[in-house]
Amino acid sequence: MPIKNSKIHTSVKIFKKNLVNIYGAKIGAKTKIGPFVEIQSNSEIGKNCKISSHSFICSGVKIEDNVFIGHNVTFINDRNPKSTNNKGELKKNDDWILEKTFIEEGVSIGSGSVIMCGIKIGRDATVGAGSLVLRSIPSKKIFFNKRNKNLK
Amino acid sequence: MPIKNSKIHTSVKIFKKNLVNIYGAKIGAKTKIGPFVEIQSNSEIGKNCKISSHSFICSGVKIEDNVFIGHNVTFINDRNPKSTNNKGELKKNDDWILEKTFIEEGVSIGSGSVIMCGIKIGRDATVGAGSLVLRSIPSKKIFFNKRNKNLK
Amino acid sequence: MPIKNSKIHTSVKIFKKNLVNIYGAKIGAKTKIGPFVEIQSNSEIGKNCKISSHSFICSGVKIEDNVFIGHNVTFINDRNPKSTNNKGELKKNDDWILEKTFIEEGVSIGSGSVIMCGIKIGRDATVGAGSLVLRSIPSKKIFFNKRNKNLK
């Protein structure tokens, strides 16, 4: 079973338990988790959330209650990822800096978005589908990238 | 087996039956389905289509014959998704409005694209890889977002 | 087991062997492969690489040593994909042209990026998260799309 070492409330619904990879995570009551989702250790998801299929919640992401994460949403925790360190060896745990990300209560993140680390998305903010979010977003703001306007 | 309640023509090829999530869908003859694909109920896919790996076909999407859906393509059916309703409870079926999407015969949608709901992509149109499509596209048109030009 | 006909060095770590689809590929020593990854035939991955979850490495992609591929990165090998040929039949192997892609040593490709085929990303170059890469990138260059600047 690809669900390990996690504190998952008994009311959480994981629709396809054999098609997720969840380890070391904390997930609150009534939250729903779609298929093809990975949730890493030291991440935290509140109650009444929806984590849609194909999304990736990495270590260091804290998601509060009532948050919608669309399909195919990708979080990040390393601003300068590399495979190897300066010695040419595979990076170890102390070869990189984890930057945390905070998603406050009631946020909605549209499908296909990529969320850079080290930022906060404020309460009830909305991120349009297909966005790349590089900076913090204030509460209640509706965020779009320029391409969301389909300018050509 | 994560394939349920679907009308799938016997000639359909699903390359990895244990690595898809398909329920309540209708899929026409000779269509090919890659791994890590989710196809939801009340969606319809024609014959001779190719649905590539990591793509997500949601309820309300109708795909006609001879359509190419690239890898990691995400459809949407809720323009304003939220996890909870105004009472702070998890949304139920009548708490949101499904908007349908129509993909006409012969369309090609490039990998990594996100397709907003409530639109039609016309016959033989092409959507470039990595596009965000927010409006209907006329038949035979070749669509790109601005970023596809790599302006900097 | 969804791993077939591949030359995988014994030191390669595939974290969830039941949640990948790998066939006909060559993977070098100590490389790590995340869940929900597809690696197709006639692709090649060097040693000390990291291929993160949800990524797609297609036929014709050659990745050298010490390369970081983020989460949800999509490669492409067909510039003009269609489901059917001019006769309206499903395309066969000689109905399309595979264009190769070369990722040189030490490259880092950020999560959520889409990489067009027929290009080379030069040694130690960096591709920012959420990029669409349509042209070759010189060695050591740091590449971003315009939207990465969050202009609005």
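In order of appearance the chains are A, B and C, and numbering begins at 1 in each one.
Here, a contact is a pair of C-beta atoms (placed from the backbone, for glycine too) under 8 Å apart; a residue touches a chain by one contact, two chains touch by 3 or more.
In this text the structure is predicted, and so the values were computed from the model without any measurement.
Participant: Since chain B and chain C are copies that touch, just let me know if over half of their interface numbering is common to both, same, or not, different.
Facilitator: Both copies, chain B as well as chain C, present different residues to each other, with under half of the numbers appearing on both sides.
Participant: Between chain A and chain B, how many degrees of rotation does a Cα superposition need? Round to steps of 5.
Facilitator: Angle of the fitting rotation, chain A to chain B: 120 degrees.
Participant: Between chain B and chain C, what distance separates the C-alpha centroids? Give it in angstrom.
Facilitator: Computed value for the inter-centroid distance: 22 Å.
Participant: Which residues belonging to chain C are in contact with no fewer than two other chains?
Facilitator: 18-19, 36, 54, 72, 146-147
Participant: Along chain A, where are the residues that touch chain C in the complex?
Facilitator: 2, 18-19, 21, 36, 38, 54, 56, 58, 72, 74, 76, 80-84, 88-90, 114, 116, 132-135, 144-147
Participant: For the complex, which residues does chain C have touching chain A?
Facilitator: Per the stated touch rule, the residues are 15-16, 18-19, 30, 32, 34-36, 48-50, 53-54, 66-68, 70-72, 106, 108, 110-112, 126, 129-130, 146-152.
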